[in-house]
Amino acid sequence: MAKLDLVLEELVTANRILAREEVVDSFGHVSVRHPDRPDRFLLSRARAPDCIEVEDIMEFTLEGESIDARDRKPYLERFIHGACYEARPDVQAVVHNHSPSVIPFGVTDQKLKPLLHMCASIGHDVPTWDSQTKFGDTTLLVENMEMGRDLAASLGRGRTALMRGHGAVVVAPNLRHAVFISVYLEVAAKLQMQAMPMGNVKYLTNGEVEKIINRTGPYTIDRAWENWCRRAGRPITKSA
Amino acid sequence: MAKLDLVLEELVTANRILAREEVVDSFGHVSVRHPDRPDRFLLSRARAPDCIEVEDIMEFTLEGESIDARDRKPYLERFIHGACYEARPDVQAVVHNHSPSVIPFGVTDQKLKPLLHMCASIGHDVPTWDSQTKFGDTTLLVENMEMGRDLAASLGRGRTALMRGHGAVVVAPNLRHAVFISVYLEVAAKLQMQAMPMGNVKYLTNGEVEKIINRTGPYTIDRAWENWCRRAGRPITKSA
Amino acid sequence: MAKLDLVLEELVTANRILAREEVVDSFGHVSVRHPDRPDRFLLSRARAPDCIEVEDIMEFTLEGESIDARDRKPYLERFIHGACYEARPDVQAVVHNHSPSVIPFGVTDQKLKPLLHMCASIGHDVPTWDSQTKFGDTTLLVENMEMGRDLAASLGRGRTALMRGHGAVVVAPNLRHAVFISVYLEVAAKLQMQAMPMGNVKYLTNGEVEKIINRTGPYTIDRAWENWCRRAGRPITKSA
Amino acid sequence: MAKLDLVLEELVTANRILAREEVVDSFGHVSVRHPDRPDRFLLSRARAPDCIEVEDIMEFTLEGESIDARDRKPYLERFIHGACYEARPDVQAVVHNHSPSVIPFGVTDQKLKPLLHMCASIGHDVPTWDSQTKFGDTTLLVENMEMGRDLAASLGRGRTALMRGHGAVVVAPNLRHAVFISVYLEVAAKLQMQAMPMGNVKYLTNGEVEKIINRTGPYTIDRAWENWCRRAGRPITKSA
């Protein structure tokens, strides 16, 4: 299979996994930077992640303009993706979701921080972006590049940011990694909500977080990927 | 397919989706105003939502009298539906459910308010109707038009009301929209229960709620509808 | 089908439903009084409820002695059932379970009380039996008639009792009703755990509970039964 | 089937059950001591538990050196298993998992203690091992025998220990028993989290715990095993 075809198949799989693992419901999306053109990214037309086929994947400029729309309608919030790729050349994949357990952290002052080793990839703590701060009353949707860039800036050099009253964005050096962080961001949030009422929580130390992030690679991620593919009923292809 | 047939198929689908998404269990029901006769509505015979077939759908006057009962037994609480259609000409579809997460809000003084953009459709806050106030000790069931009208009045111009110790009622401009609000009413309640113990909650502002409600249409709802049909094992028909 | 055969099929179905609805896990059991001999009851051999077939059903005296054991091993706790039938001629079916949400109520002083109309069948409030009180340190299992009778006495004229550190017992005028109460006992416990942290809870009044109990019959229970049979993959037989 | 073949089949089944019952996700592992060589143990290659086949099972010395690696990569944390077998000749099976409800107990000072009779097998209370204490900032992974031995020592004569920010280890006199304790360790943690906010919790007394542990054998465990095999889609073989 050609490189691009592998990427397209893997992007469909990523959508299905995120749905099966309940990181996205009928909404949320995942993109990947074009393997041959770093100034383009690939993202499905506006469709629920668990319904997506290869034919749904569209190509966009980093400003969110579609190259090959035909009769396909894009996601309104494609600017989230474009702005992240623009701001961060190291980023090769982006997930936007409304993962249920992260929502409460976005609407309270409680910081989301990893307490389980599997969750270290979310970073030492997770910043929250509030569209209200700069844009006032909106639909909360990131519907232009100005909002996208403001959100992307909140990531700093990190890999996760919460969006107040809306969800989260996750960026990563490849597609499987983005899915991995997204799944364990949800786990992290759920665990922290359970642990907090039980007393003083021992979060991972900064040193532990660094050491785990440096160690997290294909040995870890591909083990989960095989399992998630099986659960989502998708073939396991060679890593794109 | 004739208009009425489309509506009947879509009503069966709505029942199945509400069951699959756990908004109803063996109880709860959903109706639609008759497409040709605004003084009539369509509602299944007394049966669990996930078991319903087209042959189960009955026609009622707004007072809840059946037109075509044959040997089919109606839901006792059909008056909920009739009273909502009577009070609100803008309403084309009604859901009544015992959605699990909304129950605690109906039995405490805690107001249910949207904190996630997907939940703005429930309104700025959700009123609670208590059958006890006007009718004293009852089975809590809405078993006549007097109770139905009292409940319908509690909706005001809104789209949702809780029923103390019982559940909720949702009204909407079309069937898909009613299902959409019902699903995200459950999500809203679950999220708020998780967020409240974590500190001061930033709910959506009134301006945000208005903007999102004005924006929520087929672009959003049909994306969920396709996904829910697939999950419920139902064909996706053209919107009735 | 002969009366006894209908009862045996329905008892298998009751086991499968309780498993499917997560009221029992690998443990817990349900029995029915023998339709022709009120001094006997029918209960499976010691097997997980979701695995049970008609061939597993054994016949017991009210003292828990098996009539037709062959090579089948009985449940150690069959005395729970016998003692309830002995103490309460009105009881035709008994469920014993470790339903997850009821456990916390059995180990704290928090009274379980219905707040949702569907749960009124559990009674105004649910007493707790503690094996420790009379029998000291045991395995907590009801392994003889003395313990069974002590537990049965705790029911009074009611239909439910919790067992400290162990689970619950439910008695009812027929098998479907026993399953119905068991399912909504779990629902009641889960809802109350969610409502309590939210402020003062408005439980059902005694008058409401009485009115609902008097109304709850086949019209309500058979609607759920059809749905539960479908979910458990069991045929819907005429009520035994 | 030869003894070893039975053990290998049962080890695959144990992996699948732990996945189906959500005690492990894509990570976590279970081993068994070699039936003919007490200085060896059997453990899958590095793979998600729900994907494991007989061909994945490798043989290791107690120091974690593989005997028959071929092209198979071992789990990094095999030292957990080796160190437990080395320290405890009575131990025949070991589970390591990240069971979701136990994590909060490992990161707070709240002791995990059994309150339900089914959970007595976890012991009177469950100690917590913190890699930080002796090894400082690490990836939290048990990646050599020194860490493995330190963890194994924390078990004392017991059957369970939590690992701070990481998960739990369970040891048992046979494979089915190890799975049984692992499942009910998760249940215990979930129940205790629900019970604690409701007031003073009556845990099992030490006498009750002892009596239940002495009673828990094949009569109890095989009933669950049959059910879990069915749920995991695995044949029920004679106990290895």
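Letters A, B, C and D mark the chains as written, and numbering starts fresh at 1 in each.
We adopt the following convention: a residue touches a chain if its C-beta (ideal position, glycine included) is under 8 Å from a C-beta of that chain, and two chains touch if they have at least 3 such contacts.
Just so it is clear, the structure is predicted and the values come from calculations on it, not from any experiment.
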Copies chain A and chain B - rotation angle from C-alpha fit, nearest 5 degrees: 90
Mean-CA-position distance for chain D and chain A (Å): 33
Chain A and chain C: spacing of chain centres that average the CA atoms, whole Å: 46
In chain A, residues with contacts to at least two other chains: 197
Chains touching one another, given as label pairs in label order: A-B, A-D, B-C, C-D
Footprint of chain B on chain C - complex, ascending: 115-118, 187, 190-191, 194-195, 197-205, 207-208, 210-212, 215, 219, 223-224, 226-228, 230-231
Complex contact set, residues of chain C against chain D: 25-27, 46-48, 50-51, 73, 76, 98, 100-101, 103-105, 107-110, 130, 132, 136-141, 164-166, 193, 196-197
